[in-house]
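Labels A, B, C and D are assigned to the chains in the order they are written; within every chain, residues are numbered from 1.
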C-alpha cells in the first residue's frame, strides 16, 4: 500500500513539474501588455516602462520562470500586479468560496445520485427506473449556466428565498451557506445526473457478475446482495467520476460564479486574465491543476481502499 | 425497435435538418436588424418571437444550430483524429516508455480544468469559433486516446491478433486491420456523447463570450444576450436554452440507443 | 438608518488613485476617502476642496493656494502644504507610475510658503490647471502612509477605509475628525457586480440600496414601474464614438469617413444597444457643456448618400475592414448594429471582440484596426485630436493650432469661441463617427437622496447622501 | 424418501423452450451426475432447483426439495432455503467470489444470513469450515491472493458451511487442471459421506461422471434421454445419444506410422523471463522465469505432445517457437535457421510454421469473411497468389478441412465451434507449413466435435507429411494423437519419450501424479458395439 502510494507520488511530482512549464509557457504568450493595461490610455511610454521594471517584466523569460517555481516551492506565489497584495492571500480568500462551493455541490450530487442510481438499478425496467433515467437524461443535457439563470429568476427574483448573488463571507456561516445554496444546486444537479447514470450502469454490470449469483445462492435476497456485494464493487467507476467531477466543480464553477457573482477562484482567473495580472493567473491555474492531480491521487488511494486487488500493486 | 434510438435520432435529425435548411432558407434574414420590432413575444409573424435587435429567433436558432453542429463535429473530429491513433499506438506498444508518455500526457490534459484552458486559449489567440473548436478538441484527444487504448488492450490479448502476428503482420497493420474495425462501434457511441458535450461546451464558451463572434449566430451567445432580458422577454432565454437541451438530449439518447444496438456484449444478452 | 450598500460594476484593482488608470478606484475613493486641492461638484463645476481659495498671477503661470486648516489624515497626522508638495512632486516624478502624468506636465516648481499656503509655478499659462487638479489622480496623499496605499488608503476625506473583501466589497466608515461637514452616513459598503443579470437580481432582491452605473438599461423600465425604486438617468463625460483609423486606407479618404458617418443610424444604436439611454452627438463634445454645438445635421442618417460617397471614392462595391470591440455592452451590442448598418451600404466588417488589455495593445498602441467603438470618458478631452499619434491618427495642423491657442487662453469668452471652432473642425473632417453621449443610470431605493445624477467624473460621492425620514 | 425430486420440469425462457419434462431424484448421501453436451440444459435444471432462474423464465412442473415445491414457494422463503437447505458451487472459481471481501467474511456471510449469531461466532465457523475443505491459508485473505483450486474450496466451504441437505455443483472442476480437479472431487466425495448430503454434480466430462457418480442422467436438447445407476448405465446404454457421447469421449484416432526423419525444429536451453512488478520505488523490475533451460526437438513429420498443469509454461513455449516473443537465452532454430534474427522474427522461418488456438470464438476477427480470414498467412509469402489462384487455394484449404468452397463468403459467427476450429486449421494449412502448433486446440470443444476434429488431424497426417506440436491438458487426447510426448512442470521439461511408453511407465514423479489424477472411463468396448 505504501509502495503503491509512493509510486503514484513520483508521477504526481513529475506531472506537476510538466504542468508548471506548460502553464507558464501558455500564459506568458497571452497578448496584451499588463503595464499598458494598468495605466490606461493616457499613460506615457516612460511611465509604462517604469511600471514594467517595477513588475519585473523586463527580465528574461527563463529567469522569471525559475523565480516563479522557486517562489512556489517556498509557498510564495509572488505579489499581484494589480491588487498589489500577495497572491497567496488573494487565493486563500477566494478558495474559501470555491472550495466550500465545490464540496457542497459534490455532497449534494452524491446525496442525490447514490440513492437514485441504486434505486434505478435495483428496480431495473420499472416505472421508477424509467422516470429516474428520463430525469437524468434531462439533467445531463441541461446547460448548468442556463439552469442557474432560471434558478435565480425563480428563487431569488420571484420568490426571494435566496439572495441573487454575492457572498457575505464566513462571519455568519449560515448566511454563507445560504448564499452558496443556489449555486451549489445549479452545479450539482447536472453532475448528479451523470453520477446516477454511472452508478446505475456500474451496478447493473455488477449484477451480471458471477459472485452476485453466488451471493444469491447463499440465501441473500436480491436487495441484500445488491447492497452487500454490488455497491462496493460498483464504487470503483463511480469514484473515478467523483474525482473528475470534483476537479470540474472547483474550476467549472467559473461560469456559475459568474452568474451568481461569487468571489471565487473562477472569477479570480477571469478578472486577472482581463486585467493581465499574469502572476495571479499562473498561480491560480497551477493551484487548480495541483488540486486536480492531488484529487486523482486521493482517488487512486481510495481505489486501493475499496479494492484489495490494487493494494499490492506498485 | 429501440425507443431511445428513435427519439434521439428524430431530435438530432431535426436540428441537423434545421442547420442544413438554413443554408438555403431561413424565415428572416438575421443579418439585417429591425430594432423597432425588438423583443416581440412568439406569435404569427415570428414563430419564436424576436430578440433585442428585432431578429427572428427561429432563424437565429436555425443558424445557431449550424454553428453548434459545426463546432462540435470539428472538435470531436480533432479529438478522434489525434486521440484514436495515439490510443492505438499506446496499445500496440503497451508497457513501453512511449505508452507511458502518451498516457501521462493524457492525464496531464485531464488535470487542466477544461474551461480554464479554453479561456487561456482564447486569451492567447482571441475569441473565435475556430479557437473554440481547438479548445474543445484538445479535451477530446485524451478521451479518445484512453478509450481506444482501453478497448484495444484486451483485443491485443485475443487469439485472432496472435494469429495475425503469426502471419507476420506488423503492429501498425494489425492496429488498422483488426483493432480499429473492432473498436469502431465504441468510437461511434463515444463520438455521439462527445458530440453532445461539444455542443454544451460551445454554448458555455459562447455564453462567456469566447465562442463564435457576431454576426455568426450561436445559441450560447443568444443566451448571454438574453440574460438580462429574462424578466421582460423570457422567450429570448427559454428558446435557445431549450434548443441546447433538446439537441444534447437527442444526441445522448442517440448515443444510448446506438450503444444498445452496437455493443456486442449487450447484443449477446438480447438474443 | 445610517448605512448604505452601493453597488458599482467594477472592482478597483487596488486602492491607489495615483497609481493606475482604473476608474473604479475613483468611484469608491474620490471625495469619500481622498480629496484634492480642487474637486468636481455634482454638475461638473470645479469647486474648492482642500484649497479654500487661490490667486493666479497676471501672466497665468503662478498659482497660490490657501489650504484649509485643521485637516488631518485618517491616521491622525495633519495635512499641510508639505503634503501637497509631496503629492504633486510624487505624481510628476520621472519614475512615477501615475496614469495621468500629463496633467502635471506644465508644473515647473512647487514651493511651500507657509504650512497653509503652497505656490505652484507653470511653464506657460494653462486654462485647464484648476480642472486638472480636480482629477482623482491629483489627490493629496501623505508620505507616512504612502507605502501601503494600494491596500490601505489613507486620505483626508469624510470616510475612512475599513475593510476590503477582495472580489466582493469595500467598507468605508465615517471619519470622526473630518474637517468639513459631517456626512449623514455612518458606514458605506461598496459592492462590485459586473454581471448584468446579477446586477438586476441584486437590486430586485434588495441586496443593495443603490446601483450606480446600472449595467443593463433594458431592465430600467421595470425599476421605474416598481415603487420600491427610483431611477436616476444622468449624463457622463463619455463621448461614444465609432473610431476610425484615419491613416489606414481607405479611411484616409475623407469621403469614405463621411460615408461611414452617414451610414450609421444613431437612434437605432441608442435604442438597440442602450435601450434608449444616451444623447446623440455630432462631434466629440459633451452635450451638457455650455459650449456644445449641435453638429448632428453634419452627419444625418443617409445610406443613399453614403453609397454615393463610397462610389465617388472608388468603392462602389464596398470594401472589408475590421471592427474591434472592447468589452462594454455599448461596444459589443453597438458593434453588431453598426456592422449591420455598414453592410447595408456595402462595407463588410469583421467583428473581433477584445478584452481591454488586448484592445489597448492592438487598437490603442499598435493602431492595428479599421474601426472600433469606444467611449472616451475623460472630461473635456477634445484635446486628444491635437495629437497625431493618438490611436485614430488624426493629423490636422488647423486643429492643432486651435488647441494651442486654447491652452494659452484663460479668458472664458475666448475659450468658448475656440472650443466651438474645435468641435466644428473635427465634425467637418469626419474624423470619427460620433454616436452618442453615454448616459449613466442609477437605480436606488426610493427613499435614498443626495446621490449624484450625473457623472462629471467617475465618482460615487457619498458626502451628501442620506435616507429620508 | 428422496431429498429432491424433479417431476415433469419444463421451461421456456421468453419464447424459447429450454427444458422438456425433466425428471430427476436424489436421495441423501447420493451423488447424481447430469451430463450432456453444452447447451443441453444442465445449468438451467440446476438453477430451477435453486429457484434462481432468469427473469423471463417460465417453469412448469414440480421441483420438490425437502418437502416443498420450489416453483410454488415465494421468494422470501426461497431465500431462507438457499444456502441453508441447498447450496450451490459454480464453475468459475475466478469470478464466483466477491473480489473486495475477505474469504472468511464471505463464508461467514452464509451463516449470518440464516442464523442469529454474533459476527465472531460466524467467523469462527467459517474458519473451521475453510480448514475442513482443506484450505491452508487464513480466512483474512482476499480472493485474488488464492489459486484457482483454493478459490474453488472457498466456494465449496461457502456452500456447505450450514451443512445443506443438497449440494449442487455446476461444472465445479472444469476450470481447474487435472491434479487440482482430482483433489476437489475427492473433497466433494468426502463431504457427501461425512454430512450425508445429496450431491447433484453437473459435468460434461464423462470420465469424471463415471468416477464419482452413483447415478447418471444424460441430457440432450433439454430432455433427459437416459438415466440410471452408474454401473448399470455404463454397461447397458440404451439411447443412441448416450452411446455417441461415450464413443466420442473415448475416441481413438488412427495415426499413420511415423518414420525416423531429420530434425525440423530444435530448441536449446531456452530461457524466457517475464518482467514483473518493480521491487521498491525505483528498483529494477523483477522477472519471472517462465521457461527454464528448455531443450527439445521435433523431427520432420513427427507428432509431439506437450502436457503439464495450467501455468507451467506451455503457451509461453508456443509463443517463443512462433517467434511472437523474444527469448532471453538459448536458441530456437527451424531447419537450422534461427526463428529470431536480431530483434526481429525471421519471416523465412515463420512461413513454415502455423498455429491453431484454443478458443474457436476468439481466434477470428468477427468482422472479416472466411476467405479473408484464412488467407491471412499469405502475408508471409513474398508473392501471394491473387485472383483465380487465390480462389483455388481457398477452395482447397476449405475442402481439406471438410468445408465447402461456398463457405468462403460467410462470416465466422455463422459457424459452430467445431466448424470454426476447422477453419482455424484451414488457415494454418493454406501456406502449407512444415509445422503446426496446436495450443489446446480441442479443449473448448464438445466431446463429439472434438472427436471429429481429431479425426480431421489424423486424416491430414495421412494426406501429407505434417509435423505438429500438440499442447493439451487432456492426457487421453494427447495419448491418441501423438507419437512422442513431453511433460512440463514449472517451466522445465521433466520427462519426454514415446507417448505409449510415458503413459504406461512414467518415470518422473510429476508425470506419475499427473497420470494418476486423470480420471478415466472404464473399458466400455463391449457396450459400444453396434447393436
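Operating definition for what follows: a contact is a pair of C-beta atoms (placed from the backbone, for glycine too) under 8 Å apart; a residue touches a chain by one contact, two chains touch by 3 or more.
Note that the coordinates shown come from a computational prediction; the quantities given were computed from them, not determined experimentally.
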If you tally the C-beta contacts for A-B and for B-C, which one comes out higher? A-B
List the centre-to-centre spacing of chain A and chain B in whole Å, with centres computed as mean CA coordinates. 22
Distance between chain C and chain D based on Cα centroids, please, to the nearest Å. 87
Expressed in whole Å, how far the mean CA point of chain B lies from that of chain C is 44
Cα centroid separation between chain B and chain D, in whole Å? 47
Name the residues of chain A that each touch 2 or more other chains. 31, 149, 157, 258, 273
Two or more other chains are touched by the chain C residues 195, 197, 200, 204, 327, 355, 358
Each pair of chains that touches, named by its two labels: A-B, A-C, A-D, B-C, B-D
Along chain A, where are the residues that touch chain B in the complex? 11, 14-15, 18-19, 22, 26-27, 29-31, 137-138, 140-143, 145-146, 149-150, 153, 157, 244, 247-248, 250-252, 254-255, 258, 266, 269-270, 273, 281, 285, 288-289, 292-293, 296
Which of the residues in chain B come into contact with chain C in the complex? 31-33, 35-36, 38, 52-54, 123, 126-128, 209, 213-215, 225, 227-232
Which stretch or stretches of chain B touch chain D in the complex? 158-160, 162-169, 177-178, 181-182, 264
Residue ranges of chain C in contact with chain A within the complex: 11, 13-14, 16, 20-22, 94-102, 150-151, 165-168, 191, 193-195, 197-198, 200-202, 204-205, 207, 327, 355-358, 360-362, 364-365, 378, 391
For the complex, give me every residue of chain D touching chain A. 50, 52, 75-76, 79-84, 87-88, 90, 92, 95-101, 109-110, 113-114, 142, 144, 155, 158-159, 277-278, 280-282
